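Provided herewith is a single structure, encoded as structure tokens, for subsequent inquiry.
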Amino acid sequence: MNYFDHITEIISRKFAQRSSRRGLLTALGTALLGGSVLPLLPVARAAADNGYPGVAAQTTGNPEDPGDPTSCDYWRHCAIDGFLCSCCGGKQYACPPGTEMSPMTWIGTCRNPADGKDYIISYNDCCGRTSCSRCLCNRNEADKPLYRAFSNNDTNWCLGTESTVYSCSTAVIIGVAIKK
Amino acid sequence: MTFPLKLSRRRPWSLARPGGGAFKVMRRPAHLALLACLLLPPMSSAELAPEPIPQVLSLPTDYPDTWLYAHDSNFFSLVDGKVVIVDVAAENRNYKGQIGAGQFASFIESSRRPELYVAETFYSRRTGGERTDTITIYNKAGLEQIAEIILPGGKRGQNVSLKNNLQLLNEERWLLVFNFTPAASVTVVDIVNREVLTEIAIPGCALIYPSGKTGFGSLCSDGSMLVTELSDEGKLKRQERLPVFFDMEADPLFTKTGRIGQMAYFPSFRGDIQEVDFSSTRPVISARWSLVSEEEKAQGWRPGGWQVITSHPDGRLYVLMHKDGYDGSHKNGGAEVWVFDAKKRQRIRRIVLENWGVTIEVTRGERPYLVVTNADFAMDVYDLEDDKLLRTIGGRAAETPFMLHAVK
Amino acid sequence: MNYFDHITEIISRKFAQRSSRRGLLTALGTALLGGSVLPLLPVARAAADNGYPGVAAQTTGNPEDPGDPTSCDYWRHCAIDGFLCSCCGGKQYACPPGTEMSPMTWIGTCRNPADGKDYIISYNDCCGRTSCSRCLCNRNEADKPLYRAFSNNDTNWCLGTESTVYSCSTAVIIGVAIKK
Amino acid sequence: MTFPLKLSRRRPWSLARPGGGAFKVMRRPAHLALLACLLLPPMSSAELAPEPIPQVLSLPTDYPDTWLYAHDSNFFSLVDGKVVIVDVAAENRNYKGQIGAGQFASFIESSRRPELYVAETFYSRRTGGERTDTITIYNKAGLEQIAEIILPGGKRGQNVSLKNNLQLLNEERWLLVFNFTPAASVTVVDIVNREVLTEIAIPGCALIYPSGKTGFGSLCSDGSMLVTELSDEGKLKRQERLPVFFDMEADPLFTKTGRIGQMAYFPSFRGDIQEVDFSSTRPVISARWSLVSEEEKAQGWRPGGWQVITSHPDGRLYVLMHKDGYDGSHKNGGAEVWVFDAKKRQRIRRIVLENWGVTIEVTRGERPYLVVTNADFAMDVYDLEDDKLLRTIGGRAAETPFMLHAVK
């Protein structure tokens, strides 16, 4: 599910007003995505801070998959909306125990700063437990209104699951996209 | 300052009755009666009189036009959302009451009957088990549940609260519910006789924009509109796809509208207004004009937030605006509310908000108030006489009130 | 229901650490309860601040019933625990629309600073709607553990009602207590 | 950085199927398959491989002794509480999963079977309608609901979460549920065969303190203890009221205990410890001693908070303490945790907390951790090797985690 529209935007805005740390990270991220990939930097970002006090940073353990899966800035999260499953007992590609992964989803295309390739990311929701409430993250660049359903993140994508109750969202690699 | 009650120390009240089965619970506990024996007779006229038990407040049958409904989707416990009834004009007692509205519920009030309607979803074990979709009907005066209609099929569309996924039609005789499974359809309910009439597919389209007496439009994924006309019995009479009238890729329309009379004003992501005339059963795509000057466009002024637009019967549109917008900033909220004369298509003034805004609403009375869900999820109330912040209604009145409905 | 044990205590503690305003109010309250009743002061307290930002202060309209029913310091609240119904669409003696008042309750004895008398206050809960969540207030002086049930505020007192779901708490006068 | 998917722009995916009835939902949506056709073959070994869908994590069958259960009663949405499983020792991934536990639920784990038990209450319409009380059984590895037992009579006791309103007995064959209507009773459930055995009244008393193989004590409103002995079939065999052993008025016992072996340590409001030996079916009221010196007592040092006491199998008691205590401060929380040698009845040391504490727990392993629910409702983890704050687990891990259960 992908509908936590303003909150993280607001949170990051408020945070930025206080410290501008997040603005810095965004700028850093843009620089990284812009071209010259410096493999050490994303790791440094992850280790530094994910922006969620009380949530410990992670790494994927794979330098080809750089960044912190508990951070809204993690490269796979380029079109995610919701609570990050990595903060909720799941992983960036897996649901927490006891939940069910939605077979339906909305999809984004994110560039991996480690190899410069565009990956198709499937934002499958994890369903059947109450709101995880941790690591609320929203990025709206590719969002379209509700009438373009599979490009819309205001919809509860816990569909086709035993329960439509939403808990958190994953960001699963389903392949490399054709270059535009 | 507490003086422990001696009586309760001598007599343990937690007297249990042995054996199984459901115990009948006393409606008026015995110890209250016993306590009464200990009360002194009134000693002076100044003494405060005992107050009757139980007492439950009620509300007027017609709500004042300074009230609104704050729909709290409650992101941090989505199954347990609610609609809070708020008086924005009063100096205090702003929180009037609440009704349940969980699991991505939808809400609408009747303006012809003293009733409130909630479309919601229940699970027999809260987050799982058997699913039941319902329309729950409350009376305005008591906020009591007076009827329930079961919606068949478990297909009620669940999304962050929108006004146009639950709408009244046919002089409020019908209540229309948007479904999404992901097949899109609309269930028509006879809300007077409390029965489900039919379900109508709206493939590739979404939401319900009432049109004329018995029609409604739905926005479609290709930038067109699907028109559905119902028979007098509430069955499908005719469907028609209007030609594409906006660019879905470059500049899609928000699903939120201002509505003045039968004219709806759809803002676009980049700051246009698309007018659609819903006077007759077949909507007429009308003029398109810009909310922003060329200079403002260059500065990136765009509409943004959740409920980004609202209107007043006096002919004014209110739009939540932010600067430095970009493709993807359409839900960021805004620092200003711009006021437009809808007929003249001209801006009247800019209101600079005290706090960042997410959702806006304007009460419908002759002296209107602007209400803004701010970034802390409290509601800022501005007096539109002088655009000054009058008060903030917060303190957990609602956890995440993304949708505000002014009393009609 | 009367079980919001630490929260307000904690909130007031945190608040006190910041501003000591609440400590002042408590001291003021104690002074008032101690003997010389200054009728203007409670009103001044009510008008000043109830300690809950975003909740407007109230008065009872009766100088013999002084103070602010939205304040934890209001004299009737001497043994209350929960969300104050005065902040939730109810009044100090009445439930919000749509709720049901519990016929069972726990009881405290509070001194009215206006007349110096001790009143027996019945803390009837309002039930059948979700947590009001406003004006969380707790005062524990007379609280006993769960095994002394009718003196215990950890118990959900939405009993004997159609639903046991708790929404807020009232503070109803049921009479004047015998002097000890 | 988002590159809008060209494909989805050309093909509107929200294809609806007309007509009524429940649509069968695709388990693997067709558009994923279509997308696969657009994927390039792997170009280099460095490329990240596609990840299978669906994937759901699982947990070990035996949880490490550095984990605990944080019971979130969720005051701001009481119907929607939960139990969060937390690894307090790991550097990250501390939040392992959650199970539902709403409406003043109770929780206990089995130490003999890989199962978790929740006693809770559901309403058919979330806040009203038909009431159903259940024991829900989860497996530890999958956190899946593997069984449910309906509790009859709608009498399950609802209170702020306590350990002793849900207890295992008879080598964990029986699960005992405390009822309160306000008649007090205990329902005995055969948790192995998943059936309700009986209900036993405990008039004027409360809670369940297992004693011996088939007995339990309950604390009573006059300062005594009621002893209940069950037959091998789980029926009532014998009840006995022990003499009053504490002063209910002047210095009542907390309902929370430390328990080392079969000895329970009940703190009193004013800072004593009352030992009760639960080795055999009939509890033995044992020694009473003070946690505080005369000087400390004069300074008002008292236990306070919610879970104010806990213990470790190594023989240590941990008590949450505050200064300047008064009658009524027993739930205020505390600034220090005092560590005692239970056998010697002597304090070993004082731990000054970094943040005000509300509830404490100590993990049961050889290298124990002290976990404190702090005033912001985050969990502070202290290393008991050096009493230093190691980490804080927060970020809405739980809204109001008043009760922490260390993995046994």
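Chains: A, B, C and D, in written order; residue numbering restarts at 1 for each.
Note that in this section contacts are C-beta pairs under 8 Å (C-beta built on N, C-alpha and C of every residue); 3 or more make two chains touch, one makes a residue touch a chain.
Model, not experiment: these values are computed from the prediction.
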Of B-C and C-D, whichever chain pair has more C-beta contact pairs: B-C
Inter-chain centre distance, subunit A versus subunit D - centres from mean C-alpha coordinates, in Å: 31
Approximate Å spacing (C-alpha centroids) for the pair subunit C, subunit D: 29
Subunit B and subunit D: spacing of chain centres that average the CA atoms, whole Å: 37
Junction residues of subunit A, two or more chains touched: 104, 129-130, 133, 139, 141-142, 147-150, 159
Numbers and ranges of subunit B residues touching at least 2 other chains: 2, 9, 12-14, 25, 76-77, 79-80, 100, 126-128, 181-182, 184, 205-206, 220-221, 248, 328, 396, 399
Chain-chain contacts as defined at top: A-B, A-D, B-C, B-D, C-D
Complex contacts: residues of subunit C adjacent to subunit B: 29-30, 33, 52-58, 62, 64-65, 70, 75, 78-79, 87-91, 93-101, 103-105, 107-112, 114-115, 117-120, 122, 124, 126, 129-130, 132-135, 139, 141-142, 147-151, 159-160, 167, 172-178, 180
Parts of subunit A lying in touch with subunit B, wherever the complex brings them together: 3-7, 9-10, 13-14, 104, 128-131, 133, 136, 138-150, 154-156, 158-159, 162-166
Residues of subunit D that touch subunit A when the two form their complex: 1-6, 8-9, 12-14, 25-29, 31-32, 35-36, 38-40, 42-44, 46-51, 53-59, 80, 82, 85, 90-100, 138, 141-144, 378, 391-397, 399
Residues of subunit D that touch subunit B when the two form their complex: 2, 9, 12-23, 25, 74, 76-77, 79-80, 100, 102, 122, 124-128, 132, 134, 136, 145, 152-155, 180-185, 198-206, 220-222, 248-249, 328, 396, 399
Complex contacts: residues of subunit D adjacent to subunit C: 75-79, 103-104, 121, 123, 126-129, 131, 157-160, 162, 180-182, 184, 205-207, 218-221, 248, 252-255, 305-306, 327-333, 356, 358, 375, 400
